[in-house]
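The structure is given below, and queries will be raised subsequently.
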Amino acid sequence: MQNIPRVSVAELDAMLGVKHQVLDKGFVRVVDYMGSDSAVVQAARVSYGEGTKTSRQDEGLINYLIKHKHTSPFEMCEIKLHIKLPIFIARQWIRHRTANVNEVSARYSVLPNEFYIPEVSNIASQSKDNKQGRGNTINEEKARQIIAVLTEDSESCYANYLKLLGQNQLQPNEEAITNPSDADGQEGIARELARINLSLNFYTEWYWKIDLHNLLHFLNLRLHPHAQFEIREYARVIFEIVQKWCPMSAKAFEEHILHSKTFSQKALNAISAMAQGKRGSAEEFGLSAREYKEVLIALKLDK
Amino acid sequence: MQNIPRVSVAELDAMLGVKHQVLDKGFVRVVDYMGSDSAVVQAARVSYGEGTKTSRQDEGLINYLIKHKHTSPFEMCEIKLHIKLPIFIARQWIRHRTANVNEVSARYSVLPNEFYIPEVSNIASQSKDNKQGRGNTINEEKARQIIAVLTEDSESCYANYLKLLGQNQLQPNEEAITNPSDADGQEGIARELARINLSLNFYTEWYWKIDLHNLLHFLNLRLHPHAQFEIREYARVIFEIVQKWCPMSAKAFEEHILHSKTFSQKALNAISAMAQGKRGSAEEFGLSAREYKEVLIALKLDK
Amino acid sequence: MQNIPRVSVAELDAMLGVKHQVLDKGFVRVVDYMGSDSAVVQAARVSYGEGTKTSRQDEGLINYLIKHKHTSPFEMCEIKLHIKLPIFIARQWIRHRTANVNEVSARYSVLPNEFYIPEVSNIASQSKDNKQGRGNTINEEKARQIIAVLTEDSESCYANYLKLLGQNQLQPNEEAITNPSDADGQEGIARELARINLSLNFYTEWYWKIDLHNLLHFLNLRLHPHAQFEIREYARVIFEIVQKWCPMSAKAFEEHILHSKTFSQKALNAISAMAQGKRGSAEEFGLSAREYKEVLIALKLDK
Amino acid sequence: MQNIPRVSVAELDAMLGVKHQVLDKGFVRVVDYMGSDSAVVQAARVSYGEGTKTSRQDEGLINYLIKHKHTSPFEMCEIKLHIKLPIFIARQWIRHRTANVNEVSARYSVLPNEFYIPEVSNIASQSKDNKQGRGNTINEEKARQIIAVLTEDSESCYANYLKLLGQNQLQPNEEAITNPSDADGQEGIARELARINLSLNFYTEWYWKIDLHNLLHFLNLRLHPHAQFEIREYARVIFEIVQKWCPMSAKAFEEHILHSKTFSQKALNAISAMAQGKRGSAEEFGLSAREYKEVLIALKLDK
């Protein structure tokens, strides 16, 4: 059998190593990848025994696979990203267990003086109806006060972090320092201990490697309006990368997963009745008030 | 803090160790379990910070979790089953990777003379529209011929398996034999090699341990009409066990997952239009013929 | 087949729900468990086809399994712990991916005013030879200054956390509050945003469920002298629990894993030569200076 | 930041798609890969905070990582193989759960008439001391008889497989057929049912994707003399590929894992005593007879 060249995606090759900015000081950059839409198709055709087809048929196959949750072919593509993100976001992110991670260790390195401060337009009160999220934006003056509090506490924590380490000067931005000299001759405490004084908005970095199936699952959860704004920003940038890397898979994902809607058995019965012209109350359809309202909104029957 | 007794489910305790027959010679039996619906609720309330509530509220919470795919609380329950199943089913089953397995090894033990033979009513031709499944049942006479072929080949493979092992007699049923004596003084070949002569319908056994979230996922795939009949039989029996073990979770699973229906963005637009009394062709709704038909069937608008 | 009662361990049943204190404000408590040493043996005997044996033979089998890394039978036991731990430890802990977790969410709840402060005797300088750990203990006076810095910053961060939430009063200890009232009529910012002002020494809580094989792997890494002191404290307490839960497995783990030593091919050759009375330099044995020294220490030949 | 070209390995690129034969009809071929030794180093340096170094230092770092079981950097490399293998080997192989798989489905396709027959020199009796493996080779005449039995049964099973499918002719080798025509007008039974008549030595195919860490773990288990000969053959060929792909990692793996030896606490005490010139019995060292013998063999003190 002849040598077969590696699958590559020109648009992705052109951006390898390039930083896509996220939030005030974070970034995402593509380090490497394996496969593309064609690798999904190749794997599916091993399982389902069909030969090579046209590009149009490839698109149909990918749609079919996504729609019917035949997920294993999407595990045949892999991407590796270098990401800089605040610790409170890293804590949400790491819950996605089916990925590989190498994170900067603050036991080895001194973290730089970089912390996340939200923009005025992203500071909001607790949501009244979404128990976990943000509601109305706060007025600008108050938002500026909040930014001041966050900034002062971060600066103060960092200054004391350095003091605990026995150092006098602020770290230059953008680079963790592995072997800090004891500039002033004062011995500090161990890095693993000093870092506990840093707050959750400080930035960390990691290499993160994941297959396309698990990445789409990550994106589905993290592009959701109920996800925290800051992680949604990362998901948004990563999804743009996926659209370049695997355009057919990205499109099928949008149509059949991201913008899809699942109805329970009772909701389905209600919808079927409505499509046949019947109308009824939540009770008549056996639905809770909340689920009934969701159905009406999904069908654009609420007014 | 005081000692808290272990969560137990009386109905499940009463059936520990009892075999539930599946197919002609297979079985499922519950060996042990951890938690129940209450453990799901307990874990969810840690995450979402709510205190203990009434049983009715527990049910609402479980519904909410299932509906919104908050899956981690369901990972807090675990069940361990002892299962006897044909090898071709074991090969499908093992693809569910998030489980723990200890299987009988035919490198150590001589497998007993037990193989699966389908009943007359389960022998069917290849499906015309489902590329992977069965279509019409075959007439009884032909089915009996097929059963005869399968039985003869299995018996013959087993007889030669024993011969390869240097043994003269058939194994008694129901028990693998670890240290077969060379009854006739003839040395046979290694067990790991002799077993390659057995066919895929021979039975194997394993202990299989899985958490409730992953078990519900298994059941959703394996209760599906497109799953192979033989594994559906196991899924059916296991789902009955789950209904006794975690009745609220089982009910929510049926309503929001097993009997739910997901619509793509375009299908949703079509449904919304139909609920408002509009009718149109697949093209007008931007749907493929297949997806259009699925929508009509789901809404009971096909005739 | 007859009903078989559930495996239970009296000593563990007696401590279900009871808090074992760790660090200044943390704890570990056993919520539930499945199986014990007998479940390991049961699973191994399915695979390797041997019948029930004496307790002495069980111990021998467990030793054999641990020694030869036959890990799957140890996956048949499961334990669920409720743990309260500082966030910087939670960040290390969560890297063990083969476990189930439900953590308190500070998007839903207001965290209580509880943070970790090390004891004087645990405050140490950066190690000179272990790049990631602690070296010499710092003198008491300086240690007290460090404690004062950490305490003040934590208190200040928490006070501002409450201010950001629009609240005036400190939270009572020991309980996260889900629906804080806006006591003073001031609207605060969303909880998911306010929490970013907390430092990494604040306590969080989770339910953590893991199988025995993965737990022993966790303990092997986290009982290691190079693990951070604070996580070692948790590992120590959890290992005491495992010794009660699965005493044979715990003992075999100590003998064959925790206190074992692995030698590379070249080190093995050197040891063999030494056991035959030969002595030689690192170069003569083809070892690096570091590996040579390790061999001498392991054999108690260094002086 | 500038665009950074993709990591590639010329020697691997030259063999992409090329089949490496294994056993009588099996093969392994590399489909794609991500990263190399340099990616391991890159990931490790993110975690441990060190900058770029010389190639010699890279080698030292990789040795250090392997020796101290810092496994996560090795997860940053990924390889995808296309493998053709007998079903009984596929059943062992799939137990490695941390991998992605797409296998030919005999529910969709008709399998070709290809089955594994061992060579005369690989047919052996059950081992006397290794309960799971092969012992002495059997004499050639008897081996030829065994080959005849295996071949006849395989041919006969396949002929009946085709008959069950309603087909008259043997399938051409090397290709599964997805849409068999009913050449003789006879309707056969469903493919998912007919295949249960095939024996465990029939060949299947899959795409298998795994990261370097998990691949090395696979190789460590499957290169072991106690692994079944047939899977060892695949492991041997795959290890040769790894030696080309990541030569430094492969070398460190051989030195510190594959050819290493782990001693229990008591064995270590015994070795230390021996290195100091003491000799003693198993009892005196508190070792079992078996472990004592292992120590003597490892130290080349047995005679």
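Labels for the chains are A, B, C and D, by order of writing; each one numbers its residues from 1.
Just so it is clear, a contact is a pair of C-beta atoms (placed from the backbone, for glycine too) under 8 Å apart; a residue touches a chain by one contact, two chains touch by 3 or more.
Everything quoted here is computed from the prediction, not taken from an experiment.
**Student:** How many hops, at fewest, get you from chain A to chain C via touching chains?
**Tutor:** Steps on the shortest route: 1.
**Student:** If you tally the C-beta contacts for A-D and for A-B, which one comes out higher?
**Tutor:** A-D
**Student:** Can you give the whole-Å distance between the Cα centres of chain B and chain D?
**Tutor:** Taking the mean C-alpha position of each chain, the two centres sit 28 Å apart.
**Student:** Report the inter-chain centroid distance for chain A and chain B in whole angstrom, where each centroid is the mean of the CA atoms.
**Tutor:** The separation of the two C-alpha centroids amounts to 33 Å.
**Student:** Could you give the separation in Å between the centres of chain A and chain D, each centre being the mean of its C-alpha atoms?
**Tutor:** Computed value for the inter-centroid distance: 35 Å.
**Student:** Residues touching two or more other chains, restricted to chain D: which are they?
**Tutor:** 48, 101, 105, 108, 131-132
**Student:** For a test of understanding, state which residues of chain D touch chain A in their complex under the given definition.
**Tutor:** So the residues of chain D in touch with chain A come to 1-8, 13-19, 29, 31-35, 39, 42-44, 46-50, 72-73, 75-76, 78, 80, 82, 100-105, 108-109, 176-178, 205-207, 209, 211.
**Student:** For the complex, which residues does chain A have touching chain B?
**Tutor:** Chain A residues touching chain B: 48, 67, 131-132, 254-256, 259-266, 268, 271-272, 274-277, 298-301.
**Student:** Which residues of chain A touch chain C in the complex?
**Tutor:** 86-88, 90-91, 94-95, 97-98, 101, 105, 107-108, 116, 118, 123-127, 131-135, 138, 146, 149-150, 153, 156-157, 160, 163-164, 187-193, 195-201, 228
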